[in-house]
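In what comes next, chain A is part of two complexes: it sits with chain B in the first one and with chain C in the second one.
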Partner chain A sequence: MYTLGIDIGSTSSKAVIMRDGKTIVRKVLVTVGTGTSGPAQLIEKLFEDQEIQLSDIQKTIVTGYGRTSFKEADKQISELSCHARGVHFLFPSARTVIDIGGQDAKALKLNSRGMLLNFSMNDKCAAGTGRFLDVMARVLETNIEDMGSLSEQAQAAATISSVCTVFAESEVISHLSKGTGTANIIAGIHRSVAQRVSMLAVKLGIENDVVMTGGVAQNSGVVKAMEEAIKTRIKVSDYPQYTGAIGAAIYAFDEAEKEMTKRCSL
Partner chain B sequence: MSNVNEVIAQFQEVVNQPGDHVKKYIAKTGNKAIGYFYYAPQELIHAAGMLPVGIWGGNIEPSSVRSYLPSFYCGILQTAFEMGMKGLYDCLDGMIIPNLCDSLRASSQNWKVAVPQVEFISLVPPVNRKTEAGVKFLLSEYENIKNTLERISGNKITDQALNNSIKVFNTYRQTMREFTKVARNYPDIITPSIRNAVIKSASFMDKVQYTALVEELIQGLKTLPVKDWDGKKVVVTGIKMDSPALLKILEENNVAVVADDLAQESRLFRSDILQTSANPLENLARYWSTMEGCSLLFDPEKKRCDMIIEDVKETGADGVLFCMTKFCDPEEFDYPIFKKRLDAANIPHVFIETDLETETDEQARTRIQAFTEMAAL
Partner chain C sequence: MTDEKKASEMIKELMDKHYEDALEAKKKGELVGWAASNFPQELAECMDLALVYPENHAAAVSAKKASLPFLEYAEGQGYSTDICSYARINLAFKDIKECEALQIPMPDYLLCANNICDLMVKWYENLAVELNIPLFMLDIPYNTEPAVTPARLEYIKEQFRMIIKQLEDFTGKKFSEERFKEVMEISSASGRAWKRAMSTLMATPSPMNGFEMFTYMGILVCNKGRKETTVALNKLADELEERVKNGETSYKAEEKHRILSEGIACWPFLGHNMKTLMQYGINVVGAIYCDAFAKVYSNLDEMAIAYAEVPNCVNLEREVASRVKIIKDHNVEGMLIHSNRSCKKWDGFMYEMERRIAQETGIATAYFDGDQSDPRLFSKAQYETRIQSFYEVMEQKKAAAAAGEGTR
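Take a look at the complex of A and B:
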């Protein structure tokens, strides 16, 4: 049985098709999110080679910031529950999740079955999110993808004290004008993100294993800074951006199974 | 059912256009109206033959207010000042501003300059409100307010009139406590928006007329069958939760409000004024010392947490929604204590921060939806 999980975020759209809620058979990412052509592109790309047809999909669940605007799905579930489920699939031993997406950051606490026990989210503020790193990469004339490797060359992380994206940008510019090396500034930016977001996890209480998800988890510099901030090793999957979509596809499988059981008992 | 719907429609009409309702009242009765923030001796206003009008801000973009209040003041004060400066409170003949928090303390002087056409009436409640000196101090504050209200209304506030007003307001409080109990049996009818509309409209209506209407609603509800509720049930706490967008999110997620600990709602009517003295003004002043469970009233024991836990047990609620008014220091100071106590009691809770009114609040939607999906619920 094939089920589809779609995660429409603020800056990207992700989709995962799973077989029997156990195997990922297809995953697609489009770098535009809610309110754009992203969701439509996602569907087009998912089925372009026609190996699996839309009609093969038993159930679709949508999650993410744009979940309420995607009407084709059978159901929508919050990204917090989907991330919890997706992480449990990838790392069954995970109990704490730190997710940094395009415009929000959150910490989740899971039970041994991957169900959400508690959560904590950032305020309505870009600090500590993917958007914050986007702004900083632009100021530093760097590709966001290179920030992780560049930060490894840092000798001493620069201090970025401000919690506000706008003021932090000014601080970065002043570091640049003082001649501080880019690598040191990037390491400082990563530390600033880690310090802010780690507080969400600390508030909940950190329990091992800790997993990082979301696009920012691809940045090894942020992961390292986060490990230092919470003094705990962090696990990252090979595709951290797809965690929400994986969780949605598993929820979709549960729903489809429930329906089948109901139909059989009739 | 049609009668219930008709009564509900009347409350909704009032909260949708509170200013119009107050103006109509003034035109019809010839009586004046006095505004008040949060808690004030409404009975005194009533005894002077005037309409007490609760001020809770509104849906307006703050602009002129920036000259008087910094942007880190709560949305209630920011929007109330903006509305005052735009002339929306010109139908009021006075405004009682109690010094209940740091922001209100500084606002009182600003009001005099920013909204000079609506007379500022000072109220400084005692912090040590449970001591006899505190009661005596508040009594002297009420004497001043009484004199001011007599001057504005042109009516003498007699003991008889004040005793009558205390009776009217105690009946209102008892009726509201019954309403909140009855309403929790009908979450399919008394949705979060309707519950708020019914309770909030008391801020703008004549209490006798209002109480009679709520009584009619209670009797109408009691004739209806109680249905099973397959959604979640929450107790809400905070200063207020009247954002239409937020209330709609609760409804979309099948969440019923079965009890509240809001300053705009139950904190206004959960206890009565006791007749312990022959002097009704002293009874009114002593009431302040008996109010419990509010972040704006000094309470070293923080009974608020126990009261919420009790509400959860009594109503069988699935959890508690802490509706935080952004930049409300008293509520922010209470939150860590609340969190610790509810965690210890194993009661799930979620934190929603509300700012100026917005049409959409996707973060609140995610938080509420995730809360309803949580394993513990």
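Take a look at the complex of A and C:
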């Protein structure tokens, strides 16, 4: 049985098709999110090779910031529950999840069954999220994808003390004009993100294993800074951006199975 | 036929009348005061002095979505956006003097108490200086100890005596012990009626949509020393008890989850917040206003203690205990916390209070960011995401409990 999980975020859209809620058979990411052509592109790309047809999908669940705008899904489930489910699928030993997406950051606490026990999210300010890193990459004339490897060359992380994106940008400019090396500035930016977001997890109580998800988890510099901030090793999957979509696809499988059982018992 | 009116209509009429009476008093040349919501209004009521409560006014203006021009004006005058939005609205109204959403008369004197808020002192000092009117100040110390100490009690009572003298001198009216006793009795009767009404929320399903509480409680702020208030609140309690008896409720959805609402309401988005919660079958069945807001006393000592033991004026242990009691009595499954930019005092202890409550009771908790009056500080999408997640955590906890699995 094929089920589809869709995660429409603020800056990207992700979709995962799973077989029997156990195997990922297809995953697609489009780098534009809700309110754009992203969701439509996602569906187009998902079925372009026609190996699996839309009609093969038993159930679709949508999650993420743009979940309400995707009317084709059978059901919406919050991104927190989907992330919890997706992480539990990838790392059954995970008890703490730190997720940094395009414009929000959150920490989740799970139990041994992957049940979401508690959560904590960033306030209305987007500092410490993916968007914050986007802005900094632009100022530094760097590709966001290269920030992780560049930060590894840092000798001493520069101090970025402001939690405000606009003021932090000024600090970066000030560092640049003083001649601080780009690698040191990037390491400072990563530390600033980690310090801000780690507080969400600390508030919930950090319990091993800790997993990082979301697009920012692809940045090894942020992961390293986060490990230093929480003094704990962090696990990252090969596809951290898809966690929500994976969780949604598993939920979709549960729903489809429940319906089948119901039909059989009638 | 007053008897046939519903309690909600009676309360609304009384609130309207409260503002009309104050405007009328001003027109007739009587002295009108502005008072802090937790100032012992009994002192003014027994001297028949008209009062208006800027906090209540600001909340009403915000609920009518009319707060923004006042906030922007105040900021233009140099008041920081970090300052309480009730204060900013009122300090702006002081200059603008007109409010289409809800008009109030300008004050001739001010009654301030710092039991629930410290910022209020500076707010009222500014009003006093800029309007050149007297400020009668009641200083109520924070209770670090588990109860009001005898020395503090004496300090507060001595100030009551001083304020009575100041009001007599300023208004030319005479304070009457007999009338004071009568007002105390009426206020206490209103308090008892409120507690009786709110205790019906312990029933499952709760007989009302909890958001109604936020509109009803204004009458306790503005009018508790009047007999009509006691009548209206007793009517409310009767109606709610009747609904409980018949298994009826004004909550227009299936009550799937029962929650405690923590913090001041997000007035500019009250309707949105209510609808979002209703979408998930989440009903507010408790708030700190249920119990601690109504003051019941029979003499001056007890009245002084009642005003000294209001929420925000007692230590963390008592703040936790009062919520835990509501959670247990009202069969609450979750606590939804408004991280309210305006109220530093309340927000200041909220995080530790939430940690202790969650530890003690095991209920789900969730925060949302917003403000009691500033619409610029709230995001509908963020609220909706948090509520959906909050709902899912409560659902999972319920399912785990039903399966006997626990949450570990």
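Please note the rule applied: the second predicted complex is superposed on the first by the 266 of 266 C-alpha atoms of A that agree within 3 Å, B and C clash if a C-alpha of one lies under 4 Å from a C-alpha of the other, contacts with A are read in each partner's own complex, and residues count from 1 in each chain.
Criterion: a contact is a pair of C-beta atoms (placed from the backbone, for glycine too) under 8 Å apart; a residue touches a chain by one contact, two chains touch by 3 or more.
None of these values were measured; they are calculated from a predicted model.
Visitor: Look at where chain B and chain C land on chain A after superposing the complexes, then choose clash or fit.
Guide: In the arrangement built by aligning on chain A, the partners chain C and chain B clash.
Visitor: So in the superposed three-chain picture, is A:Lys178 touching just chain B, just chain C, both, or none of them (first/second/both/neither)?
Guide: Touch status of A:Lys178: no partner.
Visitor: A:Lys262 in the overlay: touching chain B, chain C, both, or neither? Say first, second, both or neither.
Guide: It touches nothing on chain B or chain C.
Visitor: So in the superposed three-chain picture, is A:Lys22 touching just chain B, just chain C, both, or none of them (first/second/both/neither)?
Guide: neither
Visitor: Quick check for you: in the superposed arrangement, does A:Met121 touch first (chain B), second (chain C), both or neither?
Guide: After superposing on A, A:Met121 lies in contact with both chain B and chain C.
Visitor: Please work out whether A:Ser78 is in contact with chain B alone, chain C alone, both, or neither, and reply first, second, both or neither.
Guide: both
Visitor: After superposition on the shared chain, which partner residues are touched by A:Tyr65: those of chain B (first), chain C (second), both, or neither?
Guide: both
Visitor: So, does A:Asn111 touch the first partner chain B, the second partner chain C, both, or neither?
Guide: both
Visitor: Where on chain A do the contacts from chain B and from chain C line up?
Guide: Correct list for chain A: 65, 68, 77-81, 104, 111, 113, 115-119, 121, 123-124.
Visitor: Any idea which chain A residues touch chain B in the complex?
Guide: Counting only chain A, the residues touching chain B are 65, 68, 77-81, 104, 111, 113, 115-119, 121, 123-124.
Visitor: Can you check the complex and tell me which residues of chain A touch chain C?
Guide: 65, 68, 76-81, 104, 111-113, 115-121, 123-124, 203
Visitor: Given the complex with chain A, which residues does chain B contribute to the contact?
Guide: Going by the criterion above, the answer is residues 348, 353, 355, 362-363, 365-367, 369-370, 373-376.
Visitor: Under the definition above, what is the set of chain C residues touching chain A in their complex?
Guide: 339, 351, 358, 364-367, 369, 377-379, 381-382, 384-386, 388-389, 391-393, 396, 400, 405, 407-408
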